[in-house]
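Take this structure first; my questions come after.
Chain lettering (A, B, C, D and E) follows the sequence in which the chains are written, and residue indices restart at 1 in each chain.
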Amino acid sequence: MTDASLPNGGAKSRHGSLTSVDARTKKRNTAEKRFRAYGVVAIATGILFLMVLLYAIITSGAGAFQQTFIKVPVYLDPAKLDKKGERNIDDIKKVSTFGYNPLIQNAVLKAVEDAGIETPLKKSKDMKALISASAAAQVRSSVIENPALIGQTVDFKFLASSRVDGYLKDRVKREDLARDKNIDAEHLDIVDGLMEAGVLKKTFNPAFIFGADASESRAEQAGIGVSMIGSFFMMLVVLFLALPIGVAASIYLEEFAPKNRWTDLIEVNISNLAAVPSIVFGILGLAVFIQFIHLPQSAPLVGGLVLTLMTLPTIIISTRASLKSVPPSIRDAALGVGASKMQSVFHHVLPLAAPGILTGTIIGLAQALGETAPLLLIGMVGYIASNAPDGIASGLLDPNSAMPAQIYEWAKRADPAYYERAWGGIIILLIFLVTMNTLAVFLRRRFERRW
Amino acid sequence: MYDAPNTLGDTVDQTETKISARNVQVFYGDNHAIKDVNVDIENKSVTAFIGPSGCGKSTFLRCINRMNDTIDICRVEGDILLDGEDICDKKVDPVQLRAKVGMVFQKPNPFPKSIYDNVAYGPRIHGLAKNKADLDEIVEKSLRRGAIWNEVKDRLHAPGTGLSGGQQQRLCIARAIATEPEVLLMDEPCSALDPIATAQVEELIDELRHQYALVIVTHSMQQAARVSQKTAFFHLGNLVEYGDTSQIFTNPKDERTESYITGRIG
Amino acid sequence: RDQVQVAGSSTVLPYASIVAEAFGENFDFPTPVVESGGSSAGLKRFCQGVGTEHTDVANASRKIREKEIKACAENGVTEIIEVRIGYDGIVFASQYEGPAYNAFTQSDIFNALAPKVMVDGKLVDNPHKKWSDFNSDLPSEDILAFIPGTKHGTREVFEEKVVAAGCEATGAMEAMIAGGMSEDDAEDACLAVMSDGRAVDIDGDYTETLASIDANANGIGVFGLAFYENNTDKLKVATMAGVEPTTETISTGEYPVSRPLFFYVKKAHIGVIPGLKEYAEFFVADEIAGPDGPLAEYGLVSDPALVETQDAIADEKIMGGDS
Amino acid sequence: MSVFWLCMIVLAICVVGFLFGRTRALSSAAGEARQLHSLPNYYGWNVAMKVVVPAFGLMAVWLIAQPIVLESRVAGMIPQSEIKEGSSVGLVMAEVRRAASGLENAVASGALEAGLARDPEADPAMISERLKEAGQVVTAEITQTILQAAQAFSAMSATANWVMTVLVIAIALGAAAMAVRQSDKEYKARNAVEQGILALLIAAASVAILTTIGIVLSLIFNTAEFFRLYPALDFFTLLEWAPSFSGRGGTSQLGILPLLWGTLYISFIALLVAVPLGLFAAIYLSEYATPRVRGIAKPLLEILAGIPTIVYGLFALLTIGPMLVSVFGQDGLGWMSGGRAVMTAGIAMGIMLIPFVSSLSDDIINAVPQAMRDGSYGLGATQSETIKQVILPAALPGIVGAILLAASRAIGETMIVVMGAGAAARLSLNPFEAMTTVTAKIVSQLTGDSDFASPEALVAFALGISLFVITLGLNVFALYIVRKYREQYE
Amino acid sequence: MYDAPNTLGDTVDQTETKISARNVQVFYGDNHAIKDVNVDIENKSVTAFIGPSGCGKSTFLRCINRMNDTIDICRVEGDILLDGEDICDKKVDPVQLRAKVGMVFQKPNPFPKSIYDNVAYGPRIHGLAKNKADLDEIVEKSLRRGAIWNEVKDRLHAPGTGLSGGQQQRLCIARAIATEPEVLLMDEPCSALDPIATAQVEELIDELRHQYALVIVTHSMQQAARVSQKTAFFHLGNLVEYGDTSQIFTNPKDERTESYITGRIG
């Protein structure tokens, strides 16, 4: 029956003392150490790259969080702002921002004179280079809001122009000014003087975090806040659609679908969708959501839907992989006590697969959060300076941009001040991402277990 | 103390058929694992399946509550009637079937959940408990009947996977009886148990027999003799002999059966 | 939908954004949405049909083409108002601290980048490695040029107004025709640029060109005038054929390399989309697009014929028609 | 009644139905839940489901159909003469809709008397004046036809809304009543609910299929148009990619091969970086690292996947490129002439893809049962032998999935390619030369300046379809590999 | 046929100590699973661990080849000497230890590989086979000794997970002996086996005993009596009694031992 011949002594000689390691074991142990070292090196490399990238991002972007402001009293001249003197709002509205510019420039000149700064620049027009073009709009809207201000002298806090700001941030050097037609060395003398006088200050700028985009010529005014809301709503859509749909689709395919050529085809097809360039999803989104279903253009809802389609394969692939890795004995156990297939999946298999699902979600959402190309086609890239939405519906439907699109736009703009803002935007995007991930990572930790 | 086969407990008089299998064939891919098995399993009695390892006992057992559905390559042919209804019929809901026909698997497979939740799971999904207290009671009773209550009563909320092999086995028994099935299939329920625990489980089996139909797979001839009223002997996928336990052990008709119980073939 | 929807060229986008911002500040209409995505994509969406789900305005850094007009018409977009907003100057610039690339002619660029050039009166495979190999006034540096990729309309301008002009000026074209090429083929051959790495296509934006110049001291890059003017601290510009690129030299046509910028308005949407006409009018108003307006300040070369454009919009004058 | 309130009512019916269904089922079993076929809640859900599906189904169909039907009827009222040259019925209808909503809003805010708003003979000029005063957006003068159409539209949609409300509520109530009556202890509520859930699951799975169909459809027509303008043979066989501007005639050379080569080459380099780093990181995280290290390192690596690609592009252009040039460039080995190269982009992309491989694989490896490891250790295997020979094969499908995902991402990436590898297509074996990818060209041809009806722009769609087919092939191959080598544990 | 305990096979004369455990304590978190166990296991003999389910037999067994290292919450204290060397020493390579001290687990855990690869795995990593033919031979021999060759010889390349419970158990035994360990720990190796297969495995154990030290956990008192020379009785984590098998079964010193073997405590 059993083979009765004994092993001929070979076994004994093979094993020596436990503490003295034989050659083969030594070799295996070095292989082991090497293997382990590969792991350490891999992780260290990954983290090193991360650190390098983060360092680059933070050093380039930190400046965006500070901004230079000029505080000046402006005389709101009734002769210019309300010629008829009737304080009729329609008449006041007729004065465009171009009409406000001289008032502001006068005010700045006066402030310069008050500060006792010696300068060859005597004309009020010369002051234009110091302050942001947004000043006129700022004054105009406060006048329209409160026409009673006309005739008074009101203190305003204006943004300094991007060159002045750049000077305080060492971006603009005196040596280069000769070639810069936007600002002259004399302006910088004024800036130094105003700073001493306390009129001009560089402070933390919440408007960068909460504000809206600005046009090319007003880098100092641009903020990422509104596009952050756009991203937020898109992520909501993605999370609430891609996660359930992805998990549901995976459950069907992995647990319920008959295994045949059809489902093979679907499986391959889903992996293949992951390889479809994101811009193609943009083409699809434009055709289906905007031109067929008539959803509004540039809307976060559409963006979210497109990104949902793009994220689905990632979530489906990772979910299926984790469902597959749940041992069949668990399913048997549940079925054995009379649970339905559905119950066994939802009560036992899904919780065990949760870590993988959450990883897929983390990666899918990270990808969705950073994606620009498909947004290009559904109108979310460009200059979209909307205000913060006032509700969920308007958040989903009003035109808006998204953080990566905003960053991408800024990075392209000519004014170097925008370059800094682009990096600043990346910092905020990463904070957004990390916040989002922390939640998922926390959840994932709770589900992790080995059996 | 473990001497010649004898039947423990009183005999049950009714001989109503609970399960009857007709021409059952099972294939794993090309492997013909069960060959044309016909058998009638009686209600309110214990039927033992014996036979050498790999002869198809587990496979046949798994047919009775259609657990083989979950194995892709497994194909079952023939009819199995439970209370006269064909369980392979399309109209039969395997879920309901499995609630009726409980199973203890050969390899203990507790859920990676707490001991309490392991046992409470069945009653929960079948709505057997009206409230928490009820459920606690069911859990305790099941664990007691599974002869494991004393060992786990202080750690009901520890994971079921952190139990010893024998404890896991008893937990799985407790889990199966907590759902109060009509038929209980037990695949080597005492393989990892010490004699005392085995005796307790056998006692449980004997107790359950008054209400339910039980089928147990065992490698212990003594156990089969002690607890079962009917015995089926499988060999290489065939049901070689089926009959009263006393008859099989004292007077087997087939010579393979005889060889097996006298320890000559394996 | 109650805001104007604009899409198209990324070259026009800066100007459009300045206008849209001012428009939002001065009118009660909501700020128009200006998307970028390229002239082609913008026009394509523009031409996809009439109705609120389609854009109202397309920005383009080139003139709409016949085929596009036809495609538009097939989708019912028959009435299009064309608005030329000014010119984009295209300049050659290099690292400020880099070699002295101060003056180029079209011939220099041709000699540097074309695959076949004239050497000693013969058409030969381009033997030049350094700029000084063919023009002793230029620095002795390896030839490296960052030119717009084939997606950019600027590439077309670069090829036609610089490379082809150089081809003709050096006599290479003549030599080609003399060598047995048909005139058309020779014209085409004149546009070619070597692909051995000395001419690097940039499919991205001017920021990318700038980054490339930053990393390569000996490189020259092709930029838009506005971009250069905003980055004078890093870049120095070269004259072309002796003319320095400024808004003035470009608007007079003295500086040879520039292209017109346009936007197109869907007439059918005027009166339906609130503020559409006002936006178009505002765009070309003197205060905005005039020589002293913010657009010119930013780098747009303003159109001397601006008044005609203003009138055309006021009359809603469509292309190719007379209504 | 607004759609919102209608939804609320349906949901309320749903909740009540849930409770009734549950209670009725329970009482049919005399309060003994164990006598029921299914858990009591399933009876509740059964009712809820049977209310929601038809009610919302009807509502959805109605809401989609109503504007179509109404508009076609109102559009019939608008004489052809009213539609200006170059305009369309659609645009006129947009005006009608705007006027209608303006009228309603004005009435609601009290700026306009209801009677006047409904008066078909009202003076349109006066009405538009009043509307403007009421702060309603009216773009053009409202003509008589438009006003009448708007009034008809309002009236009809009011009726339609009313009918819909009644119908939806009736259906909800009817369905609720029927479902509650069903709720008997014999009724297979769980099966019904699970059928419903299964339908949902199938619907979810079909989203993926619909997406594919959508993608193919949105590419196919333009691709066909492209092949009408440009010979397919050239597209598939030319070794050159040199689009020119269509304004000048057909001298473009649009061969996909160099792009495809670039795609495969760059993706290959990226995977060469990402797969070993990611896989070793995953192995270390799941098998060697302490929970603390794992808890920190894994999320940290995951940040790499979320850094915008533009940063990687700049990193490639400004850091990796110059670094490589200093080693392989003219001053070093002389293989590299500029910073832009397949290597540059490949490395940057590889870094980005590390977490795709590491995190997903880590989860899968972690899910391999401990018994497998024990079995191997018990035989005297080292940890690395166990990993290589037992765990990785068991985790193979998941790991291949992760690698495929990374590869897919590499194929679909543009920004890094454009900035790191350049925009010029080239067929070369030297990884230190600039090349470009199919995806990068899809984006650039789609967003470029060339005429949108020209082959140079349309080629983007042909590239898209070709890439789709090619990656499909790669995926089929991967599936085959997984099937062949998969080791399924118990 | 399974009657009173008796020792099968000849007695082995040398009494060299192979493994000695000193004050071994094992904790699972707060659960004190092994309490101060001292035991000397002899070379070239079979030691049986018996005791009620959950008493710590597997836990102690797993200490001997440091398998408990893999359980995070498990903490082992005390010394275990193998041939006089402390296996818990930092210098000791657990890999080498486990190559010396083979193990068959309580729950059969075949790798998800072919049957052939399951058995060939150990020889491959330890370089025991010079070539393919050599390896084939080792595999065949091991499977034969594991008493499973006949059942699997036609399906060597089918997955090991597709075997029946008892077949898996034997496969795991074959897998363990294929690496030729010096000490073989077997946790209930015959729990899922029929009498014939059990007898074959017992024969294998008896054969191995001439060269190696074997420790088996078993719930079958008969089996312990049949195959072992020494028996250790565990109870609630304590080693209650340890001595010659014949002495333990005929004349236990501790009353708990007596109660257990006469079937009174569990």
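Rule of thumb we're sticking to: a residue touches a chain if its C-beta (ideal position, glycine included) is under 8 Å from a C-beta of that chain, and two chains touch if they have at least 3 such contacts.
To keep track of the chains, here are their UniProt names: A = Phosphate transport system permease protein PstA; B, E = Phosphate ABC transporter ATP-binding protein (PhoT family); D = Phosphate transport system permease protein.
Since the model is a prediction, treat every value here as computed from it, not as a measurement.
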Chain-contact steps, minimal, separating subunit E from subunit C: 2
Chain at the geometric heart of the assembly (C-alpha centres): D
Superposing rotation of subunit B relative to subunit E, computed on C-alpha atoms, to nearest 5°: 180
Two chains sharing the most C-beta contacts: A-D
Centre-of-Cα separation between subunit C and subunit B, whole angstrom: 83
Centre distance in Å when subunit B and subunit D are each reduced to the mean of their C-alpha atoms: 50
Rounded Å distance between subunit A and subunit C, as computed from the means of their C-alpha atoms: 31
Subunit B-subunit E separation of Cα centroids, rounded to whole Å: 28
For subunit B, residues that touch 2 or more chains besides their own: 95-96, 107, 125-126
Contacts with two or more other chains, residues of subunit C listed in rising order: 10, 37, 41, 52
Overlap residues in subunit A, where contacts from two or more other chains coincide: 28-29, 32, 328-329, 340, 352, 376-377, 411, 451
All touching chain pairs, where touch follows the definition stated at the start: A-B, A-C, A-D, A-E, B-D, B-E, C-D, D-E
Complex contacts: residues of subunit B adjacent to subunit E: 1-3, 28, 31, 50-54, 56, 58-59, 106-108, 147, 151, 155, 162-167, 169-170, 187-188, 191-200, 219, 221-222, 260, 262-266
List of subunit C residues in touch with subunit A within their complex: 1, 3, 5, 7, 10, 13-18, 20-22, 24-26, 28, 30-31, 33-37, 41, 45, 48-49, 52-55, 96, 205-207, 224, 226-227, 229-233, 236, 287, 294, 297-299
Subunit A residues touching subunit B - in the complex, by the definition given at the top: 259, 328-341, 343, 347-348, 352, 449, 451
Residues of subunit C touching subunit D in the complex: 2, 9-10, 37-41, 43-44, 47, 50-52, 61-62, 65, 67-68, 70-71, 76-79, 144, 149-156, 184, 188, 191, 195, 197, 200-204, 208, 211-212, 214-216, 267-269, 271-274, 318, 323
Partner subunit E, residues of subunit D touching it in the complex: 370-382, 385, 389-390, 393-394, 487-490
